[in-house]
């Protein structure tokens, strides 16, 4: 298994390096720089701008800045944030580091059971009213953009019914609406796939064998068929988790949650290069970790994979 | 099998496909919605009641009434006209993004599967890197570089969409490669390009059609999110995402803008998704009803 | 003494392009205790539909328009859902053609065998696995103690078919339906599997319905043979009578197309044309388009299935005549 | 289908992750800001949001009341010498810094020296010290001692100038205890508070809030509330809902959309305070970057084809007034009889024809640049120019940093923008936005006559004469159609009924020292 793990980690390295180079270049191509933002619309004082640029080393050629940045990375130093003077990037990200993954994970934990249950239900009642009904709900869940969904939910649940706070991030109640809004499209996407995979599995020979053995329909569906649906669903969970991270960006803006998503957007708009770089690397790491976890889970669920991996 | 039998099979195949298509209610509903959206977009120059960019200070936030069927927005522009032109804008964006993504994705996928080796690794790693970035971050970086606007939206969404298609094409071509008829073609000395285009492509098309129709829904929604963040289509050109963004703050006092744009966006995406689902059920041999 | 399984005038239809199509019509056959009945016919003749109907495993869209299926005298259609579940897999069991895909890839072989025991005999998980090892030994799987923990993809085709058989024999069924059990296996394994089925029949006196398109298999295994074509039974006879003097042109042409060891022929004999799909069954005798002895009567009227004094059955207007084209060497 | 055990663990994990810091600070006044302050360093301070926060922590010689009148703050009296080259400033006694040390004349000198020191990152405030004798030497690092500032007695300081600087006492300085720089280093402002204001800096939770607490020894009397919490709420829609749900005490809308929506909601309107905002808006027409702008008739045509009355009534829902000149009412030096700009489409068409662009034909392509929050305004202007002048002006909505960079570099040919008053005198607008030497003259307008009038005004002590010079300079600018005013927004702030003492002035909300919550 360790050889397999090592191979995966090595595979991650080029992706990480490419991510760093691309973001670094992208940041420099983007017009305007942190100093412009720092001085706001009262900028224009050339002397001060030159002084600040020198202090942050932005006047050096890009290549020098890159080498300096990468050598810093080697020492584990992610540099200082431009937007929050003197504050190391790790400090800026530390508090937010686990808000976004927590939101995404909670949304996924909510979405997987509901998604699969709905998908299997729709498959079992194929082409009946229930199937069409469920499909419509699922597709609606997928089709309403999360910022519109959020606006209606906040207006309904937070303001009119007052069940949940409107925004902010202090008690667990603050997490409910954002997680639900993140979970809906994820559940809908999972349900659609579960339906397709279930339809496929139900056609398989081993399902017919299970029935021929006299097993109850419940066992045939929930033991024999479902297990085989889980395998392809797993691979999708990796993709969905990536999508959820993006979703957190919009949800965090609307619910005023200081997560990684919002910091990512604000740092790009504020040209806070080191913070943007760090967050992009984090996202790349999340993506790799999730895919690796999915592969490991894959091995657990599907013996055909596990046997080969070990050999 | 002699010639005519094959043709006969095709004819019944098409008729059979149509008959089964009609029977899947959701696909029909999806088809109707898509036709509606596309028709609105295509006919937009002729069916827009008045100029979508015409502001009118006397009619700010007019509720839906006779002269403004769906009311007006914050600058007095007619919401209905902007909705219709918005359909054209959204679909143009979606179709251009998909055509780029399909062309790039399919070619990359096919060649990667066929050539294998370093090229395959290169394509797959690039796809990985692109997928590693959340699509919104990529879009924002590109928008910041090129400035908001349609070309930016199309480029950033295409950059985000091609990996998915490349992956599907690659896996399909890999599985096709092990099929006998491909070996037969190779043995008979057919050029790789012809094998890929004449043999592999037709087999991939069903999966691509399904992916494309669902893709349209995704792209229209992504454009809406970009407009929501102010990076999407440039004013005064309308986009549904932008209209929702403008309408949300006034949701409680003048809901007509947000509701109209939200419904239009929702129905169109639902349409494409339903159509995509319906097509997948029918085209994908593995789950066609035995 | 009642038959183990008796099917009387069974007719099953499926939804067609315009209206429903009868896939099999007026099928009757019975299997006595310890008897092996061969059901022979080209693919698409309705053999499998008959088998699945016996197991009440037909797709939801299928409809039994007529006929009764009795398992040891009990009408399967009259059973409640619970009763059917207790019968299926216990008193009547089935094995299939594709061993590669008939076992669930995600569960161990032992577990899949044990499952039947748990479902029908209420054994605990541990007991069922122990019993499964015995069953695997009984079907000739070497060192079953290890094999029980194997996953399907770790077993060969032959081994998997033996697991299927072990699964079917778990509750020593009265009837075993074997739908082309050896078609996907190579010849040496095929012989072992068939010998195994014969030995199990001798030990448990169960009735076996052996479905195949291979007349060679039928010759070696079956007591009686039923020949099906385009959803209808064309001929039924004890195996020796059928091979010695078959009364139906289709049977004769089938027999002629079996390559004989030592007999040199330039070209193997073929029956021209193909089996018509249910949506385009010809009028009259359904074999007439491919029958060298077809007359106008054959082309316009379906012959009835005549039952002869010695119990043989045949569905052909000209079965009494001699010197027919189909009789030529 | 989630098992009970799973649901409970999810709840536990979220609570633990949230770090239960929601100890009831019911006694804090909560105000929304729509982004993190650009910075909280009193030296570099230059932007609006940072100003809203720091104005409660650091103070100046003088301050402003709700109608813009200048009142004594750290200085009690300030008198100019006969030749106007010297200011004698008498400071308020027994004023304490947050650090506990007393405030006196030495701190004024030390603060100025800290601003002028070579390494300092001083921003806007540097510009106000240029005329003090010896300022150049300190800046060039020749000496640490600012000779122009003499400490006459612990509470009296005299400042000598190379040229008269009549507005010196009202320049927005932020005096701080320079001793703290030695103690805590260059980023001291992130850890401690060294001002004299009613509130002390406590903490800055990035992306969440800036927390200030009441300064018990404030000379104007200890504040009656525990502290201030500036809550960062980027989405305005969320800010309103938070206010309605009682999670905010003071709602400060940034966009016109939101202000209008507040006015249309009866409950919010009842709790709203309004005052004209000391912020000019103007059309920036860069003559060097777009040739047609060199022709005065073209500039006039663009200016008079906007219907200011319709716009302020319609687009702003009455929450703005037409602005014709470049000085806002309520600011010293405003000229009530400034020439009105009549909406005259016919004249505009004729002017464009005379200038050689009949119905817009022959005019090279033109775009008007601005930021997303102001897209509605430029959409209206562009449509007016299309209807009246037949010109297709595209909207160039840029991303914030991109827009500011090209604006500061003077590379934006055509834009609409504004300028908020830094101190309560018309000179702030005229000298900083339209004087050819000012870095903030983004349209790069240059008019020697105008510059001369402004240069003389800056050294004219007598208010009446100086105001006449302002009016002459403004008239020169307007007659030349160098630019034209657009509108003057009405600032809106919504305050909960149980909160007293929140005062909205033309120059944003006054420090919250007198606020009570019951």
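We call the chains A, B, C and D, going by the order they appear; numbering starts again at 1 in every chain.
Definition applied: a contact is a pair of C-beta atoms (placed from the backbone, for glycine too) under 8 Å apart; a residue touches a chain by one contact, two chains touch by 3 or more.
Note that the structure is a prediction, hence the values are computed from the model and not measured.
Among the remaining chains, those touching subunit B and also subunit D are A.
The chain with its CA mean position farthest from that of subunit A is C. The most central chain, judged by the distance from its Cα centroid to the centroid of all protein Cα atoms shown, is A. Per-pair tallies of C-beta contacts place A-D first. One inter-chain figure worth recording: subunit B and subunit C are separated by 50 Å, centre to centre, where each centre is the mean of the chain's CA atoms.
Subunit D has its Cα centroid 91 Å from the Cα centroid of subunit C. Once the centre of each chain is set as its mean CA position, subunit A and subunit D turn out to be 39 Å apart.
Centre-to-centre separation between subunit A and subunit B, using Cα means, comes to 22 Å.
Counting only residues that touch two or more partner chains, subunit D has 237, 399, 401-402. Multi-chain contact residues of subunit C (touching two or more other chains) are absent. Touching of two or more other chains is recorded for residues 144, 248, 251-252, 289-290 of subunit B. By the touch criterion stated above, subunit A contacts subunit B in their complex at residues 14-15, 18-19, 22-23, 26-27, 29-31, 126-127, 131-132, 135-136, 139-140, 142-148, 151, 155, 192, 196, 199-200, 203, 239, 242-243, 245-246, 249-250, 253, 264-265, 268-269, 280, 283-284, 287-288. Remark: subunit B residues 53-58, 60, 74-77, 143-144, 147-148, 230-231, 234-236, 246, 248-253 touch subunit D in the complex. Subunit B meets subunit A in the complex at residues 23-26, 29, 125-126, 128-129, 131-137, 140-141, 144-145, 217, 221, 224-225, 228-229, 241, 244-245, 248, 251-252, 258, 262, 265-266, 269-270, 273-274, 277, 280-281, 284, 286-287, 289-290. In the complex of the two chains, the subunit C residues touching subunit A come out as 55, 57, 85-90, 93-94, 96, 98, 101-107, 115-116, 119-120, 151, 153-154, 164, 167.
Residue ranges of subunit D in contact with subunit A, taken from their complex: 1-2, 6, 10-11, 13-15, 17-18, 20-22, 35-36, 38-39, 41, 44, 46-48, 50, 121-124, 126-127, 186-187, 190, 204-208, 231-235, 237-238, 241-242, 244-245, 247, 399-408, 417, 439-440, 442.
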